[in-house]
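Sharing a structure below in structure tokens format, with a few things to ask.
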Amino acid sequence: MPLLRFIAGRLVKGVIVLIAIATMNFFLIRAAPGDPASVLAGEAGAADEEFLRQLRQQFGLDQPITTQLWIYLTDIITLDLGFSYRQGRPVLDLILERLPATLLLTGAAFIFSLTLGIIFGILAARRAGKWSDSVITTGALFFYATPLFWIALMSQIIFALWLGWLPNTGFRTIGAGYTGLRYALDVGLHLILPATTLGLFFTALYTRMMRASMLEIAGSDFVKTARAKGVPEGRIVRRHIARNAILPVVTLAGLQAGQIVGGAVLTETVFGWPGIGRLMFEALSQRDYQVLLGVFFVSSAMVVLFNLITDVVYRVADPRIEVGR
Amino acid sequence: MKAFFKRFARNKGAVIGLIILAIILAAAVLAPYFYPTSPWRMVTRPFLAPMAMDGYWLGTDALGRDVASGVMHGARVSLIIGLVSTLTALAIGIPIGALAGYFGGLLDDALMRFTEFFQTIPAFALAIVIVAILQPSLFSIVIAIAIVSWPPVARLVRGEVLSLRSREYVQAAVVIGQSTPRIILTQVLPNTIAPITVMASIMVASAILLESALSFLGLGDPNMMTWGYMIGAGRTRLIEAWWISFFPGVAIFLTVLALNLVGEGLNDALNPRLSREGG
Amino acid sequence: MTVLAIDNLSLALPKLADRTYAVEGLSLDIDAGETLCVVGESGSGKSMTAHAVIGLLPSAVKPAGGSIKLAGRELIGLSDGEMRKLRGRDVGMIFQEPMTSLNPVMRISDQILETFESHRMFNAQQRMRRTFELLEEVGLPDPKYIARAFPHELSGGQRQRVMIAVALALEPKLLIADEPTTALDVTTQAQILKLIDELRRKHGTAVLFITHDFGVVAEIADDVAVLQNGLCVESGRAEEVLQKPTHDYTKRLLAAVPSLTPPPPKDLSGEPDALIVRNLHKTYGGRGFFGGGSRKVVAAKDVAFTIKRGETLGLVGESGSGKSTVGRCILRLIEPDDGFIKVGDTEFHGVPVRQLRPLRKRIQMVFQDPYASLNPRRTVGRIIAEGPEAQDVPRADAEKRARELLDLVGLGASSAHRYPHEFSGGQRQRIGIARALALDPDVLVADEPVSALDVSVQAQILDLIQDLQKRLGLAILFVTHDLRVAAQVCDRIAVMQRGEIVELEPTAQLFANPKHPYTRSLLAAVPGAHVKVAAA
Amino acid sequence: MIQKKTGRALASTALALLLSAGVVAMQPQDAKAEPQRGGTVQLAVTPEPPSLMLGLFQNGPTQMIAGDIYESLLRYDTDLTPQPSLAESWEISDDQLVYTFTLREGVLWHDGEPFTADDVVFSLDVFLREVHPRWRPTVNAQVASIEKTGDYEVTITLNEPFEPIMLSFEVGTTPIIPKHIYEGTDYRTNEMNSTPIGTGPMKFVEWDSGSYVHLERNEDYYLEGRPYIDEVYYRFIPDAASRAVAFETGTIDVLTGGSVEIFDVPRLEAQDNVCVTTAGWELFAPHSWLAVNVREGALADKTFRQAMMYAIDREFARDVVWSGFGTVANSPISSRTLFHSEDLHEYTYDPDRARELVAESSYDGETLEFLVMPYGETWTRWAEATRQNLEDVGINVNLVTTDVAGWSERLGTFNFQLTHNFLYQYGDPALGVSRSYVASNIVEGNPFANVMGYANEEVDALFAEAANAPSEDRPALYQRAQEILVDELPVLWMIEMDFPTVYRCDLQDFITTAIGVNDTFRDAWLQQ
């Protein structure tokens, strides 16, 4: 029961934050020069006032801005994210179409980076000061300090162009008509490069965190207690140090998971991955307000959701925190 | 102070980082001396490979501009963007964190909700939108980076202040009748400098990365020769003219690396109890 | 039978440390069923000795000579693997901090079971049965519930009992107890000491007991070894060392232990009331965000007392009794829920915070932790001068006053430009006192001012406070958990339990004839109270 | 290539071709090769279009994809000669006022409904008149009536002779749309917009938003055996480098013009089985210039504009920035369309002359703002190079970047000083050239109007007269207009642009018309 109440409370708070975000974004986006009609005009290579007027009327942009905001907010409560100006389709449909790809990409990257980060962090901490520690920490530092898009481009050139092992772009082989397992394999192949690229930075981050956390926990009193009991070293590392060191790493990772969803723009752009990050970037340059707002809304909702999940998991994983408080 | 330097110097990585940083700073300062003309100037044939012609030891780019000149001039802008946006973020984050942490209660609640609010919006996407709306320029980039990077500062400062506030010397200051602003400024904030310094060094690094990412998407200041711009401009030619974006990429890598190493060194030197000793 | 024999042991410190050896030329023996107390002040090397025996020295500290024999087997030079097999089975250890010594994310039963598993003893069923037996043996109520609990669900005393259960699970020959009761309240301490004593008798365990407290030594030691700066200055049977110390250092340490016999009372008749407190209430209650009200803690309930000019009132209680809250409420560091506070002729309660600042100089405070109570980034002179300056005294005058005060507390005016970290704990506490006095207060609230200090330093600070009181006619509210200290400095003592003053009597009367059962249990728990210790 | 043909000549060519109906209009290069059936083609298109409803949207990508779904009355060969499409034949009256089109019978819409003259009248007179920004001015100003004169005959009557109308019947300007779907509905919100129905050789199958549009062969197409290709995918890959890599790894068969960065072309061309063509743009003849806001400051000064023209190294821009593609432009009228004059003053790169003119002009060192055209990095590079050219002669320039929305908005509100721009010429100055220079087209809100604010009554009069003049009088009028404009420089013409298409050489008869990049798949076939 207290857990349910906790979740309900957090959800209410989350909804308030989301509405505030929607409002802020609404005005933020309207502050940009130009509107969707002018973009269409700019791309069409020909336009006149009549054309622009028709478009603006069609998009409802001729109404007072407060009316537009009110309509938007009342719609959003019923999960109606409006209509895309450019594509003439419900924004929710557009986003739901793209969301699985993004979730697949970020989910894969997340699991990849968290698993590797924790393993490398433990290895490095156990061998602190030795050469294998140096190799891991140097590697982590390298990926931590290198721009993500740079790695993306390099991996594209190496693995797709030179070696030809992996497809360089897209979500699946278009027109191959694969189904079932073959389809999953195809998507998986397309996933490797973007997920790895996106995950490398976070792998580096988690490796560094896990290592530091391990070293900190290693100095704890209860580790000394375990030693005094004569517990074998491997077991101390597993059950005492790693088990405790993992908590802050997982928490941070959970908080970041939501951010990754909205932050995969670069990866999606370079790898032509049809996710919501790209949708956002395109919507921005096309002033497709509703889509842009929708992506922001959904990705912010993801952050709220992931934060909540993290909190719940953390509360379950760490008995010190009373559930419900 | 001596002990601080001693502890810092014990961290080999930090010393290397400091040396790299010094070299980059020197490059930034000496750029106009080595390359007095604008780095935008088309000086010779385009796509000249490194070392292919005397005087153009890092090659030239798609328009025949000297890559070496760009890298050196870029150091200035990248460092300035990193520094200014970090300072701006600190200027937003420290007061918010300090007020929330010191006064607690409703104000804390309100300020932390505000901070959470900014942490809920995906940061990179927000930066993109801000730059696009304000039109890309040095100003808008700095603002965008600051807006997405202040929340962690506020949280850090809040946490520090929260723990410092219950320190006995702060209570002592209350007991002797010092005014609240004075307590915050003289008793509390000076003692948060260590963690803030550590965080700031890392923030400069991420600001440089963020700027390069924005430039990569074509949202850089078109009048500023930055490393991010150079990679963005050269990336499409990576296959046939790798050097155009390779060298600025290396410059970013080294700078970010150096700042992180220095940050770690500072962390070890300022928080000796957390220093990572081999197990 | 000798269980532990340490012979001429030296432990080398790393190069940059302030001395070459943590412990030098140490020899001692413990027989089965005997308790040896190693006593010393902080930095004496007593803990290092304990860690050397169980093979858990910090990597920077290395044995540099001598031998440690456990039941005849040499421990120095054993491989890590052999040493591991020894730990838990032949040597058990309890640590000082019960709050952090247990893995927070493992159930109690798992932490005990792990000991058996690590040494591959018994089958699963036997292990479980043994675990319950152990929990029962260390006096934990409802072992079934405790076994399933996580450490944070237990109190400090319960955790320390669990630690004992863990350490004794395999019935080792030797138990090492490193300040196991220092972090505990006095009544809990008495119970734990009793438990350790009983168990070693029952199982014939040899106990190496590390402590700084001669009261504890008097309570449980068969033998004593006194360490000073890594050297054993005196050792022998407990009663002999305690009653006929031969070494100066031992004598000094023993002399510094406050006696439970209060000095003769002062004549305070005719002195005006300096502080009147009536009807003081304070309840901590969690403010839940969505109505989730957390449990309430009553920290002060109808607290009332008066302190005359020149008088010291002791506020005594265990942790959580509310004694510190009362002190802070009077200073308005914490806002009381209700109450009447009058300092001299000024009513202190109800004054809006804005107008409070000028009144604050009337009542000042000395804090517990000398390391946390001074701003590390300001010079000592500034720290002291800040008070007068905040009360609009010109800067030059304030700094002059600071130098005078430094002289007064025995540090010398020249220390004004130095930073706090250049001073020792006792010196810092003097600075804290000087800061409080800089405003010429009428009332001083001293919140555990000596509890973080070594016993010899403690005595000096107590002397200083009493001396200043005499000279300046201060009224002092002395908050402490230590009845020995209270006995020495307080004219009257108020005993607090769960936010209420249960008894308030002149000191001599309270010690001679405690009325309230809680007061009686507190007095009974004072370690070494019944043992005669050599007087100075 | 300079095309100067009279209207009569155009008509007679068409009639001649009619006699050989059924024969492929354009002979493939290798006349012996027999077209083969089957195959799938993958094309990269950038950016993803807003819609495929060609009547409502005329963006480049919309035209490239929907150009095979919809059809118009005519097609044009690369000399801009009309060819039959939905119109089997046509007649033009001697007074050049009445155009009679005979429609092909037996054509079916993709949903199976028959195509008739009603559809044509509805499209031209109702639908497009309301929504099409390029057809609307033509139909409103020049056309007296559009009538159905038989189930398969439509007659268009003009107010006065307007020769350029014969270039208006390509699929982008006048796509024929199904009356049975659109009549009486709100065109812009009609649900069928997302599943376009046309008469063209390819049928719409699926649009996977963010990934691709899938078209398939129209089995009921009226030309026996065509189209040859079974399936076509237009893929959307936002990053240019990724597109190039996708082509190199064989995922993509065609990089359409605009979806390949021009500097990648030489590298790709050097590979095996890769063909590059700049054909298929003849009707559009994209013409780029540096637009100058001539309303105030030094930019209002003709001498200063001439100075800039001398200062900018257009050969360098063509050779380096545009990798050698394109032709340096010297006139408002592209050399690839009608009425271009070679007999004009040429501004060759001459920084010294530029410096002299700057000194003579009213320029006094202020910093000019150069709005970078947001159409990809080549334009950015070009802006950077141009800034450097200008700074070399002492003109201070600051670049300002923005996105397409900001750019159109600022041009449309005249809030700019300098910017690149390029416009299509649509084969005839009356359709694609005069709009940029006549004072009547100084209108807010349209980035492709006369945003420079240039006004010259003589030029206005010349363009007005030339549009409706008899064929034989037009060259002289345009010659005069060009002379004035070249002297006054309302814009600084830069390059007649080439947008190369990169494709696998297996694709035969790939680009055969003047809008070949758009109506590709009627004739294209795969060598297997």
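Worth a mention:
Chains here go by letter, A, B, C and D, matching the order in which they are written, and residues are numbered from 1 within each.
In the analysis below, a residue touches a chain if its C-beta (ideal position, glycine included) is under 8 Å from a C-beta of that chain, and two chains touch if they have at least 3 such contacts.
None of these values were measured; they are calculated from a predicted model.
Contact count check for A-B and A-D (C-beta pairs in contact): higher for A-D.
The centroid of the Cα atoms in chain A and the matching centroid in chain B are 23 Å apart. If you average the Cα atoms of chain A and of chain D, the two centres end up 41 Å apart.
Rounded to whole angstrom units, the spacing between the C-alpha centres of chain B and chain C is 46. With centres defined as mean CA coordinates, chain D is found 47 Å away from chain B. Each of residues 32-33, 153, 157, 161, 269, 281, 284-285 in chain A touches at least two other chains. Across the assembly, chain B contributes residues 132, 135, 235, 238-239, 277-279 that each touch 2 or more other chains.
Interchain contacts (touch definition given at top) occur between A-B, A-C, A-D, B-C, B-D.
Looking at the complex, you find that chain A touches chain B at residues 17-18, 20-21, 25, 28-29, 31-33, 125-126, 128-130, 141-142, 144-150, 153, 157, 161, 212, 215-216, 218, 258-259, 261-263, 265-266, 269, 277, 280-281, 284-285, 292, 295-296, 299-300, 303-304, 307. Chain contact summary for the complex, chain A toward chain D: residues 32-36, 38-52, 54-55, 58, 85-89, 94, 97-98, 101, 153, 156-157, 160-161, 164, 167-171, 173-175, 269-272, 274-275, 278-279, 281-282, 284-287. Against chain C, the residues of chain A that register as touching in their complex are 2, 5-6, 8-9, 12, 220-222, 224-233, 235, 239-240, 243-244, 247, 317-320, 324-325.
By the touch criterion given at the top, residues 113, 116-117, 119-125, 128-130, 132-133, 135, 205, 209, 212-213, 216-217, 228, 231, 235, 238-239, 245, 249, 252-253, 256-257, 260-261, 274, 276-279 of chain B touch chain A in their complex. Of all residues in chain D, only 240-241, 244, 261, 263-264, 267, 316, 320-321, 372, 374, 377, 380-381, 383-385, 387-388, 391, 398-403, 406 touch chain B in the complex they form.
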